[in-house]
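Please go over the structures that come below.
In what follows, chain A forms one complex with chain B and a second complex with chain C.
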Partner chain A sequence: MAKQFKSLHPTKFYRDYLNHDIRPDGRLISKFRPVIINIGSIATADGSALVRIGKTTVICGIKAELCPPKSERPNEGFLICNVDLPPLCSSKFRPGPPSDLAQITTRFLADLILNSACIDLKDLCIVKEKLVWCLYADIICLDHDGCIIDACLLVLLTALKTVRLPGVEYDAAIDKKTINEDEQKSLSIYNTPVSTTYAMFEDKVITDPTAEEEEISSGLLTIVVKNKELCSIHKPGGSPLSEEKLYDCISETINHADLLITLINTAVAEQND
Partner chain B sequence: MEVENNTNLLMRDVNCKLGIFTRPDGSVFISQGETAVVVGIYGPIEVKLHKMLINKASVETHYCPKSGTPGISDKLCESILHNVCEAALVSTLYPRSSILIIIQEMQNRGGILSCAVNGCCLALLNAGTDMKFLFASSSCGLDDEGNFHLDPDNLFLEKATASFIFVFDSVGKGLIASHTSGSFNLAQYQNALELCKKASEGIFDFYKCMIKKDLQDKI
Partner chain C sequence: MEGKQRSNVKFVFLKCGVVSQAKGSAYFEVDNTKLIVSVYDPREIPKKTDYSSKGELFCIFKYAPFSCPNRRAHQPDADEKQHSAIVKRALESAVCRHEFPNFQVDVYILVLENDGSALSGAITAAGIALAQAGIPMYDTITAATLAIQGTTKLLDPTLEEETLCTVATHKSDTEIDYDSHGIIVLAMLSTHEQISEFYQLGNLDLETLNESVNILMNAAKDIVPLVEKCLVDYVTKTLKSNAES
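What follows is the complex of A and B.
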């Protein structure tokens, strides 16, 4: 009976649940889903990770290539991230050019990397004006069940921490690159931005919504924090939110961030052992 | 039509002209300092079959950059404009139809998003589309000494450590949209929010003034 009721009146179905401070999946309103991190999932990539937040699954592979730098920034490398939401991950996406959501998420991640300064592009320089590293971070969503930004950011940071770059010697005179595979050096990650997403449903704020909850909600809010500092508060429209609720969400995010950072660090430390 | 904005708010001058085009149901030219956009609204109009919603109007937003095809940063801008307009419109009044919002960037000297949001609200008012509330956007930037600058231009934004864009509604003065760049702490965010909230009240007054003037001209 509940199944039929849900498909006929999805909003009423959720409202009835939320009035009792519980969600259809058994979580309380402000409860996060379990997060699973797996690293080194792609053996052929220079760095990779897989993250699951509840059922949301994203995988990230980082490929490192050598290339000449841009002439206006001769001592900076590149970090190019790309989020792919294939038709496989949700019925919302169709084959063809990247969907709006994929483009927005890509842009948002690129902005976040820049804003948080978690990686210094100067570290990717090998020889000024001649040779730099270009890191391509491809993030593919395997299962879209809400909070795609959170999952993408988490997987990107974890994958970046697993990147091992070989030593490169460059002879500018004869344009010869010698790659030393024995020397494996990791990237310096200066801070770890992590995010959490909230959905507004009528006068309630739901933590870590699933795709279904995102669908019926009247707006989303994503908060990104690093080292107790805020990195981004992104609310792309939707129903108005009072300031008290916003500040509650921020403090909740700051508390949850510690857990996520510990999780990333534990996963990365296990690889190093 | 020109209104000098309250100088103690330290916003750039906001100018606008309503009903500049004849074909759209509502149109506006708005400039904030040297940033300028043109917004046109068609709606409710006939909807393409695959976009039709049986219980409400589908809101379509198109953000056109000054030159070239929209890039991914324009898409981000477009999604914010779309979500803000969709929240404000009473789309359930026009089922099986479409409301088309076209935003054309004319010149970007910083704060294009706030200018576009304000332009959308004025254009929707000009079109007479039913709305739950009005919305107004203001932006501010934070320099490396911790000073706030309201409505910064692109020269300031290049050096700024953080910048904030907020959209508020006119009824409960709630936060509809928030977009930030750079890093900042909670106190700085709260200050920016307060500052922009005050500035947005000036914009709501500006709307009122503009609509009044527009109606008087028509008589």
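What follows is the complex of A and C.
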């Protein structure tokens, strides 16, 4: 009976649940879904991680290539991240060029990495003006069940922490590169921005929404924090939000960030042992 | 590795129902090869005006950019397009296409890590995903890969073995003829031993071909119980959780 009611009156179905401060999947209104992190699962990548938030699954593989730097920034390497939402992960996406959502997420992540200065591109320089590392971070969503930005940011940071780069010796006179596989250098990550997403449904704010809840909500809000400070807020349109509620969300995010960072560090520490 | 024979199926890991948003999905792992397949509900064939009495399968075979030793581009290359076509041909004879006229079923395959035998893995996994999605089928479809170099035959080759077996070598220093070498992918509907797809690369003599087909057919049959168990496990699990709620 509940199934039929849900497909006929989805909004009323949710409203009835939310009036009792509970969601159809049994979660409280401000409860997060469990997060699982797995690292180093792709042997062909130089760094890789898989993150699951509830059923949302994203995988990130980082490949390092050698290339000459740009002449305007002779001592900086490159970090190129790309978010792919293939038709495999949800029926919302169709084959063809990247969807708007994929491009927006890619852009948002790139800006975030740049603004938070979590990695220093100068670390990727091998020989000034001649040779730098170019890191291609490809994030692919395998299962889209909401909070895609949170999952992508988490998986990107975790994958960056697992990157191991071989030692390179460069002879500029004869343009000769010698790769030393024995020497494995990890990348310095200076801070870890993490995010949480909220969905607005009528006068309520739902934490960590699923794809279904995102669909039915009147707007989304993503808050990014690092070191207990606000890093970025992403609110793509939707219904207005009062100031108090925004502050509540920010403090909730800061609390949850500790847990996520502990999780990343535990996963990465296990690899180093 | 001269004269080496490996004709028993390697340890294969199969799981279905891995993508919550999809109608049917499967995960396949052999050696380091990891791939994921998802299948969606039939939908109307886009950009088509005339009526087709048989439904269509729409397959996309994609390597993740980080899945191979060298980074792959996002745009599908010739290899991926060819693999898509092979998977489509293999599956078409297993699916009752007359059951959904004028509709298409989407099959998306993503290789997360390529360590050889990805194509045969994709066909097996796609068969499981289609079955889980409830698409009417004649039989379970399974596939196997065999790499041949001279007298050496390797079932489910790794990427390195695949590369070695695609190189042509002369029979001896004095002869111009090439030794048998190549890769065969064979997909089969096992109940009636019907071969739905046979894809071969390289240069084989008839005798080797005969032996190889036998090895491959046995290998494809060996995977069937695994596929069946995977599907039965899924059904039991779903029934249990439905009974509880």
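Details
Criterion: the second predicted complex is superposed on the first by the 273 of 273 C-alpha atoms of A that agree within 3 Å, B and C clash if a C-alpha of one lies under 4 Å from a C-alpha of the other, contacts with A are read in each partner's own complex, and residues count from 1 in each chain.
Throughout what follows, a residue touches a chain if its C-beta (ideal position, glycine included) is under 8 Å from a C-beta of that chain, and two chains touch if they have at least 3 such contacts.
None of these values were measured; they are calculated from a predicted model.
By the document's definition of touching, of the two partners only chain B reaches A:S232; chain C does not.
Once the two complexes are laid over each other on the shared chain, residue contacts for A:D143 go to chain C alone; chain B is not touched. Applying the stated contact rule after C-alpha superposition, one finds that A:S242 touches chain B and leaves chain C untouched. Shared-chain residue A:N115: touches chain B; no touch with chain C.
By the touch criterion defined above, A:R107 reaches chain B but does not reach chain C. When the shared chain is aligned, chain C comes close enough to touch A:E65, but chain B does not.
By the document's definition of touching, of the two partners only chain C reaches A:C89; chain B does not. Chain A uses no single residue to touch chain B in one structure and chain C in the other.
Residues 100, 103-104, 106-108, 111, 115-117, 218-219, 221, 226, 228-243, 246-247, 250 of chain A are the ones touching chain B in the complex.
Listed in rising order, the residues of chain B touching chain A in the complex are 72-73, 75-76, 78-87, 133, 167-169, 171-172, 174-186, 189-190, 193. The part of chain A that touches chain C in the complex is made up of residues 41-45, 48, 55, 57, 59, 61-63, 65, 82, 84, 86-91, 95, 136, 138, 140, 142-145, 211. Of all residues in chain C, those touching chain A in their complex are 18-22, 32, 34, 36-38, 40-41, 60, 62, 64-69, 71, 74, 106, 108-110, 112-115.
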